[in-house]
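Since the structure comes first, as structure tokens, the remarks are kept for the end.
Read from first to last, the chains carry the letters A, B, C and D; within each, the first residue is number 1.
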Amino acid sequence: MSSETKFRGIIVPLATPLSERDQIDIPGLERLLERVISGGVHGVFLLGSTGEAPSLTERLQREFISRAVSIVDGRVQVIVGVTDTSLVDSIELSAYAAEQKVDAVVAAPPPYFPINQADLAAWVEALAAEVELPLFLYNMPSHSKVAFDLGTVRQLLHHPKIVGLKDSSGNMLYFNQVVQLAQERPSFHVFIGPEELLAESVLVGGNGGICGGANLYPQLYVELYNAAADGDLAKIHKLQHRVLRLASQLYSVGDPPSGYLTGLKCALSCLGVCSGRMAEPLRSLSADKSKAIVQHLRDLGLLEA
Amino acid sequence: MSSETKFRGIIVPLATPLSERDQIDIPGLERLLERVISGGVHGVFLLGSTGEAPSLTERLQREFISRAVSIVDGRVQVIVGVTDTSLVDSIELSAYAAEQKVDAVVAAPPPYFPINQADLAAWVEALAAEVELPLFLYNMPSHSKVAFDLGTVRQLLHHPKIVGLKDSSGNMLYFNQVVQLAQERPSFHVFIGPEELLAESVLVGGNGGICGGANLYPQLYVELYNAAADGDLAKIHKLQHRVLRLASQLYSVGDPPSGYLTGLKCALSCLGVCSGRMAEPLRSLSADKSKAIVQHLRDLGLLEA
Amino acid sequence: MSSETKFRGIIVPLATPLSERDQIDIPGLERLLERVISGGVHGVFLLGSTGEAPSLTERLQREFISRAVSIVDGRVQVIVGVTDTSLVDSIELSAYAAEQKVDAVVAAPPPYFPINQADLAAWVEALAAEVELPLFLYNMPSHSKVAFDLGTVRQLLHHPKIVGLKDSSGNMLYFNQVVQLAQERPSFHVFIGPEELLAESVLVGGNGGICGGANLYPQLYVELYNAAADGDLAKIHKLQHRVLRLASQLYSVGDPPSGYLTGLKCALSCLGVCSGRMAEPLRSLSADKSKAIVQHLRDLGLLEA
Amino acid sequence: MSSETKFRGIIVPLATPLSERDQIDIPGLERLLERVISGGVHGVFLLGSTGEAPSLTERLQREFISRAVSIVDGRVQVIVGVTDTSLVDSIELSAYAAEQKVDAVVAAPPPYFPINQADLAAWVEALAAEVELPLFLYNMPSHSKVAFDLGTVRQLLHHPKIVGLKDSSGNMLYFNQVVQLAQERPSFHVFIGPEELLAESVLVGGNGGICGGANLYPQLYVELYNAAADGDLAKIHKLQHRVLRLASQLYSVGDPPSGYLTGLKCALSCLGVCSGRMAEPLRSLSADKSKAIVQHLRDLGLLEA
């Protein structure tokens, strides 16, 4: 796949179904992938934050890529997170992903040492030099501590290996500025993280969303993306309301700061898609909180009453 | 080693000498260990932040433990950092460290997902349940994002596997409170991270310091620790001045926020101890900055003029 | 004016022209007001952050209200900031503003003591109990430290004196949630602060923008507001590009974190509108930086070459 | 008073007794001042954070200075906080304080606009140029947002009007560095804010503490200061334990982040010293929490059982 390949639309940051500690829930993974593909998503993003990748062993990460690629079987694009505190580990996981013939890799800054922008740019260049696949940058300052400042994005914009940026900062001022920058290089794609901002991100020129809620309700996000791509404001308002309701109901049952992740995986379990088990240090919701999730899923029409 | 073993004094957070990417500078490691042991330190802490552990592969981490244990050969205590974003990886590295017969392991919170205190306590308990060796907690909020709140320390204080806390927060209010708490359990040790606070931490009841500067000048830190343990205020003032001078000169040559680490390793190289190579995402100091380090080492009397 | 009055569109957060320390540049104020009114703005906001209100004496604040109200002479709505560290001072300034027959007052949280949400809600209620005019809340966490959390907005939403919220947080996820909430009370208005987010804020249901750039180029912001209110995406893209360009050029000449304010006031001076003098603790741009502003104003077509 | 006057020991940051909103509890003020003076304190600091100064009107601030100066009647040193968002207001309050013949004024950075270090230094110089009395800088980043960086302290160290710094940051690494700096100018005094750090601040060379708890229990803080000044480590340990106990019991009854202030003033009320009324935006403790304070005061031996 050349770096000219286009990425767009809804790319699901796939949850990682786990049957036990360090073990994939394989039937759950199959059901989850069939759910999102049949729901119309444009791609899947394996081993992102929503996939709890940093909490997983390298062994499990590799098995997960291999199984998911085999299940997807070319039906949608596959991109793979390779974020790690160790550059060598990121390079090795990228090489494995390339063997598995995925479409791109995605890397957030190494999350342990606080670093400056010059260190960050040098790290991206060191990674890109060793990676065969197209590379997305992943801006996630709440988890990585360091953000890709606008000047750093500008500096890396024309790097032939880099094909875009996923922005999970929630800072739309920054997002707008990156979109403006990206007009200088059409093959640089800009995706939004927080699903509540999907519509407006596309309205201002973004290429799509990497939205966790699409694990649960892929059609809703695909329709919202399409409405935004078409500039259909009336439809956006209607669908946006449902996205905000889903997010505000399901992601606030679990305690902060991980209510999004624990709520999402619990909801997948309540829907019978896959196990709700979290990887440490996150913890599955209690039975009581699970009941609240079930009630919300009914209210949202995702589960029969 | 039982959890009743006493830890005290200067435990050097050993720099990890690297000859190339993902390769140990073995002669450098030997010289560094001989330097600190002959300088009188009470122990060495392998694979901490100063050791850039999160940037290293698991393979290199294991080789490093094995080689260092063999060189130390029982002359001083050895403790090993097992911090990882993945609990399973922390458990496996702890098991390896136990096979190598080190004295304790040290774990900072997993540094990717923001978590709350309940998650943090559950994670410590899950780790302690699987770890054979005595366990130190490592409070390092600037790198881990989450801190061990006082209530969490209180909750974990009597856990039979846990033997203490290393506090690198720099918050002496917190440190004092932990020291007060620790009076309830004499086998709970409290160590300070920032070397500038070593003396006062011991004066208020701390057990010692895990001070990076002891890689360079072990005698100074050992003397300062002894002066503080003896309550010799006049001697403290004299030595404290030298510690502050060393820190302010060597750790501010490199750009923030990693000037401490890059300055330390560059100084080791200028002293002929080991390679100054950093593991990504950090970068070695430039030749110009190296010269500034040499000049400071001369001013400090660590290098002949 | 009843609390049912509608607020919408572009409300300029008026710069405060100063001829000397603690002295209004009266001719400058007249020119500035004529400029924005003839530029089509829907209202003016006196004594906001852009007006450097916290840096001004109470005496000057009162004189400023009185003079501005007299110049505006009913042509557009006038709202007045009453933020103060002292509740009694906020109440007294509100009473003065009511005597001057302005349309509403605006209050950010008192900016000294860190407070919790319960304290914040109690403070709003204490203020609203003593204020005669409709009251806008002002969410500005970068300056006030405390933000109006969504739950606090919900709690205050139906307060009869409160007519809306100005959100300068730049957090569009929050803004969207407030807009959703506000659907429960049509007389609760939601305005955006950062001008770069004006268009999308209106697209998702906001009532308008309190945009500093409208001091300089009121027509541009009025047109962009109108385009967004009409859902004219093509026009938005064209105008949005100009807003981003103006902001990125003029607001980055001065040093952070006050480049927005110093650049704005310097540009007003370069355009011959009013004095560029800042109130302490901010400082006017140097002659060199002034020249850079002039060049940018030419590039933007605001000043003849 | 010349700038060569020495300041040392315990300077109480006096609570401001309020009988009603915007009204001083005059008998309470008399009792409070007699309590602290007879308890041996070296000075009183009027209108600091503990005095809730930013929440008070200028009128009340002036009355408070005048009354307190008259009650103190030269028995101890009096210093006065003049922090304000407006430089002109700070200058005018300083002039009033000079007329009242106090010993020094104290200024924290203006707390609304985020500013950089160059702005901060220029602001200090503008203030010092207009102030007749010796001036203390007040480092309080949790409330002012901006801190006096070490480089800024160095730059201002030899300013003839500036006589010291009160550091409430809690950052002992910074405090040690300022103490080192201050050795270059003996008339530059360094005081610590947080009472839990009083002893160690004096051990490392500080001049004393501006400790809120001295409103309640002046003798304890005076004794601890004396023990630290004498290097009597055994006595320090005994007294330090009591300070930590007082702080941990009384300051955690009220909700964060203002539990220190609400607990302190409630305790003064429970001891019969003065009214417990807070100035908005802070709120007095509830009756239930008041009972908890009474119980703690009994445990601490400050109130008869």
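Simple rule for what comes next: contacts are C-beta pairs under 8 Å (C-beta built on N, C-alpha and C of every residue); 3 or more make two chains touch, one makes a residue touch a chain.
This one's a predicted model, so the numbers in the text were calculated from it and none came from an experiment.
S.K.: Chains shared as neighbours by chain B and chain C?
M.R.: Common contact partners of chain B and chain C, which must touch each of the two, are A, D.
S.K.: Where each step is a move between two chains that touch, what is the least number of such steps from chain A to chain C?
M.R.: The fewest steps needed to get from chain A to chain C is 1.
S.K.: As a test of understanding: of all chains, whose mean C-alpha position lies farthest from that of chain D?
M.R.: Computed centres place A farthest from chain D.
S.K.: How many Å are there between the centre of chain C and the centre of chain D, using C-alpha atoms for each centre?
M.R.: 35
S.K.: Distance-wise, how many Å sit between the C-alpha centres of chain A and chain D, to the nearest whole number?
M.R.: 50
S.K.: Which residues does chain C have that touch at least 2 chains other than itself?
M.R.: Not one residue in chain C touches at least two other chains.
S.K.: Could you run through all the chain pairs that touch each other?
M.R.: All chain pairs meeting the touch criterion are A-B, A-C, B-D, C-D.
S.K.: Quick check on the complex: what are the chain C residues that touch chain A?
M.R.: 170-173, 176-177, 180, 194, 196-197, 199-200, 203-205, 231, 233, 237, 240-241, 244, 248
S.K.: In the complex formed with chain D, which residues of chain C make contact?
M.R.: Interface residues on chain C, with respect to chain D: 21-22, 49, 52, 54-58, 85-89, 109-116, 118-120, 122-123, 126, 142-143, 145, 255-258, 261, 279-283.
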